[in-house]
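One structure coming up, written as structure tokens, with questions to follow.
Each chain gets a letter, A, B, C and D, in the order it is written, and its residues are counted from 1.
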Amino acid sequence: MNGYWSDIFTGSKSLVTGLLITAREFFKPVVTEQYPYEVPTMTPLFRGHIELIGNAETGEPNCVVCGMCQRACPSQCISLDGKKAEGGKGKVLTRYILDFTKCSLCGLCVESCNFNALRFSKVYNLAGFDKNDFVMDMLKRLEEQNRCKQ
Amino acid sequence: MEIQEQTRIALAELFPAITTVDAPPVVEGGSQDEAPPRAPGVLVTDFAGCGSHLDVLCRPDQVVDVARIMDGQGFFLEAVSGVDWIDRHQLEVIYDYNRLGGDHCRVMVRTCLPRTEPVVPTISGVFPAADWHERETFDFYGIQFQGHPNPIRILLPEDADFHPLLKDFMP
Amino acid sequence: MTVPIQLRHDETFVLNLGPQHPATHGVLRVKLTMDGEYIVKAEPVLGYVHRMHEKMAEGGTFVQFMPNTARMDYLHALAYNHGYALVVEKAAGIEVPERAEYIRVITVELNRIASHLLWWAAFLLDLGGFTPLLYAFDDREKIIDLLERITGSRLTYSYMRFGGVCNDIDDEFITGTRDFIKRLRGRLPRLYHDLVTHNIILIKRIKDIGFITAEQCRRYGATGPVARGSGINYDIRKNEPYSVYPEFDFDVPVFEECDSMARYMVRLQEIEQSMRIIEQALDKLPDGPIMGKAPKMLKPEAGYYYSAVETARGSLGHRLVCDGGKNPYKLKLRSPTFSNLSLYGEVAEGMLLADALAFMGSLDLVIPEIDR
Amino acid sequence: METSIWRALLYLVGIMAFAGLNAAYLGWCERKGAARVQRRIGPCEAGWAGLAQPLCDGLKLLSKQLVVPNGVDGIIFRVAPVLAMIPAITSMVVIPFSANIEARAMELSVLLIFALASLSMIAVLLGGWASGNKYAIISSARAVSQNLAYEIPMLVTVITVVMISGSMNLREIALDQQGGFWHWNIFRLENGHFLTMWVSFIIFFICSVAETNRAPFDMAEAESELVAGFMTEYGSMGFGLFMMGEYLNIVVGACLTATLFFGGWDCPFGLTPGVWWFLIKIYILIFTFIWIRWTYPRTQIYRLLNLSWKILIPFSLANLLITAALIKVF
């Protein structure tokens, strides 16, 4: 029988403490971040999709079309090609397409690039209605960045 | 480390003809191809190097006896995995046994099966854990486990007719 | 105390605890043959989210499989990175510098706390308590922000490389971790134990439900909190020490009651133990490089390699077979919940539907890890 | 004036408006209360502080098509939600909102309310059975056993109140408690009644929570086990009517508790009795319903029945005997 009475007393005591805790939480300030009005700032090492780094003055991509990132990528989402430079030394980048639908943000491409030509962008709010929105042209993006820098 | 000695002696009974004559040359994890195909037997390997204390190679029909010995010693079955040695036309089944609590000893038991008709007796009678693992190995490699209570696929769709982890499987 | 009744085996109906059901937390289907509200036979059906990680491992080089490891158990992704890095380092004989080992332990333990917090929230959601979820996610958000600072991603990390880690931790991370631990220590007794653990409704709901004896654990290969809730003192960090775990003193919570309450208490005490480990690791953090020297294109020696790591759900094993080439010849991933779930059929017999779901919640299942 | 058509029409519109507004805005209160307990904001987009949210939900539910699964008894499937609404609204006829605001003062109004309360259990049973879904059948079986188990202690506690107040008419019971909170049943000092009144209040409150399938006892609509219980197959207004029925049952439960124990429309200091005191008491009680829901996990069916048969019924019977003895002795 004592299990019966102890159950009732300890039980009701625990129920009351539970109510008091939620009551105290009821009057505390709100914890959540109201997204469309308060926008989160990304940490410096945040991994958005990769983007090309432009040379400080000329704005040309540092990329020398060596293709290391293309081989390093586990899901083959980088496709790039270039043509011989006029001055005859090295290559110039003509096309750099990133298929972000297959990218798993592992960072192997950025690590394999020895010419400091790739970095992670801080873009986090990517939403689109069509898969092709995520096949991105990095060169065009670099030109836009240069244009809005002027 | 007396548990290792205990299990080694217990397992050695299974291979009376070979080990008493002379322990096979201790192959330090060397690649299996050049060294003469190892005779069935118990081999002590260093744990730091390859992660298991004992490496047992046994014939397919001895698998259930090994499982019974392991059950007697208080081991539990950690994993059953298949390997497809396509150049040697062999399918290999690896049973990993480990101790649950107490001092640590991991045993790897390997059997080689001909690639044409890979059949090995099931050990789900001794270790029910093997029930799902063996279904998965059948699912990926097509290895038939005789006497398995429910030998259907577990991860792939029921009507799949291919075994994806075989080396000659082209999607 | 499941009421001993005689199950009428002839008047049963089959209830599909769907692939799409609120309590399965993923795409798991359990075919329940029911007699009224009692379960006569429970048979989990798997494979709904199977992606064939093992074939992907054989397709790419060693380092290209690292992002896949995080996609299996996204709640404790860093332990999977750690397990895979350990087995390849063992195969290729790569040395990991001291500081990198410490950073690995700190991040894995932080991730373990986050995984246990999420399990606790989801478990209470299964039992009908909605509010504790928000409190647990509030704490977990702090951990995820900390880990995002150094790894770059929030859930599926590919932070570890063979021979170390790819980013170093800075002082802001260290102070943030210490603040987080102080804050969680303040909230644990009040918000977690007084509101929930001592609550009579919860005690009645999970006490004496779902008995798993130690022998059943051994025969089915259940490890982790499920085994430690049945009195088996088996924690890989203690039994098969790897990385720098021997340098920390922490104890392994083991409960003898073998019921869901025991598994619940094991996980909550593991949160406290992980905090102890993190504090000791932060105090003893050495300086030095974070990346050992590892060849660009790994070609480990042919042979059989195995490594086991303690994740939040049990022992994660990697069976690696190399043939000397640059791709893993065979990589078998031994997932803990695959074996933990295999005993569900035997234990759930004769249970009520509500108890069977409370029992499934106490097993802490992550379905993509079962299906691989 | 007593039997004129205008009075009946006025009360009809009044009660329907009271029921409709309450059903809609209790949903809003519940979501805001739950949000505050969980330290988030709750609906705040639709209209100022989310006040238009119930309107939007109502419109959304109205615009959806009621999908009737085939091979199911269509008539019962459509009648069940309406049957869930009827008892809740009709029992508002006899609730004394204030001295002169009461639709129909009947002699046996307590009996009428409890007769209608058991009617809503039938709605849950029909809804579950008619949707032909295995989860719904399990949930309706649970709902019947739960409502049955909690009706008995509820009635026994009401008998103790009726014995003390001396009449079955809710209006008499409320009139008997007028004049300041020391006259209320719960604090009735004469011949030690307040002890037994506290016990019967607690039992009555637990039973009303269980009767309306709420929070720790929501076995019928157990989201995480039975998907949505008996409401699984219901689409638009079927689901809407069931939700309104549940909220109206809460309002009726709160009105009953206020009238029986907290002195109906009486002002705590005996100065300005009126309908606003009655509404304040109801909304405080409804807030405790919401507060309880967002604090506790759900019980399991056996514990729930044990609680009623082994604890609540013995206690309420003992309470009845003690009250009878106290009345006899003093």
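Methods note: a contact is a pair of C-beta atoms (placed from the backbone, for glycine too) under 8 Å apart; a residue touches a chain by one contact, two chains touch by 3 or more.
As the structure is a computational prediction, the values presented were derived from the model and not from experiment.
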Field: Any chain that touches chain D and chain A
entry: C
- prompt: If we look at chain B and chain D, which chains touch each of them?
  reply: C
Query: Where the centre means the average of the CA atoms, what chain is farthest from chain D?
result: B
Query: What are the two chains with the most C-beta pairs touching?
result: B-C
Message: So the centre of each chain is just the mean of its C-alpha atoms; given that, what is the distance between chain A and chain B in Å?
response: 43
Message: Quick check: how many Å separate the C-alpha centres of chain A and chain C?
response: 25
Statement: Chain-centre distance (mean CA atoms) for chain B and chain C, in whole Å, is 26
- prompt: Which residue numbers or ranges of chain B touch two or more of the other chains?
  reply: none
Task: For chain A, write out the residues touching at least two other chains, lowest number first.
output: 15, 18, 21-22, 25, 31
Task: Give the residues of chain C that touch two or more other chains, as numbers and ranges in rising order.
output: 131, 135, 138, 195-196, 199, 201
- line: Contacting chain pairs, sorted by label, are A-C, A-D, B-C, C-D
- prompt: Which of the residues in chain C end up touching chain B in this complex?
  reply: 46-47, 50, 52, 54-55, 58, 87, 90, 217-221, 223, 227, 232-234, 239-240, 301-308, 315, 317, 319, 321, 323-324, 329-330, 332, 334, 338-339, 342-343, 346, 371-372
Field: chain D-touching residues of chain A, taken from the complex the two chains share
entry: 4, 8, 15, 18-19, 21-23, 25-26, 28-32, 34
For the chain C and chain A complex, residues of the former touching the latter: 60, 63-68, 71, 131, 135, 138, 145, 148-153, 156, 158, 166-167, 190-191, 194-196, 198-201
Query: Mind pulling up the chain B residues that touch chain C in the complex?
result: 29-33, 48-52, 55, 74, 76-79, 81-84, 94, 96, 98-101, 103-104, 106, 108, 110, 127-129, 131-133, 140, 153-157, 164-165
- line: Within the complex, chain D is touched by chain C residues 3, 13, 15, 21-23, 36-37, 124-131, 133-135, 138, 195-196, 199, 201-202, 204-205, 352-355, 357-358
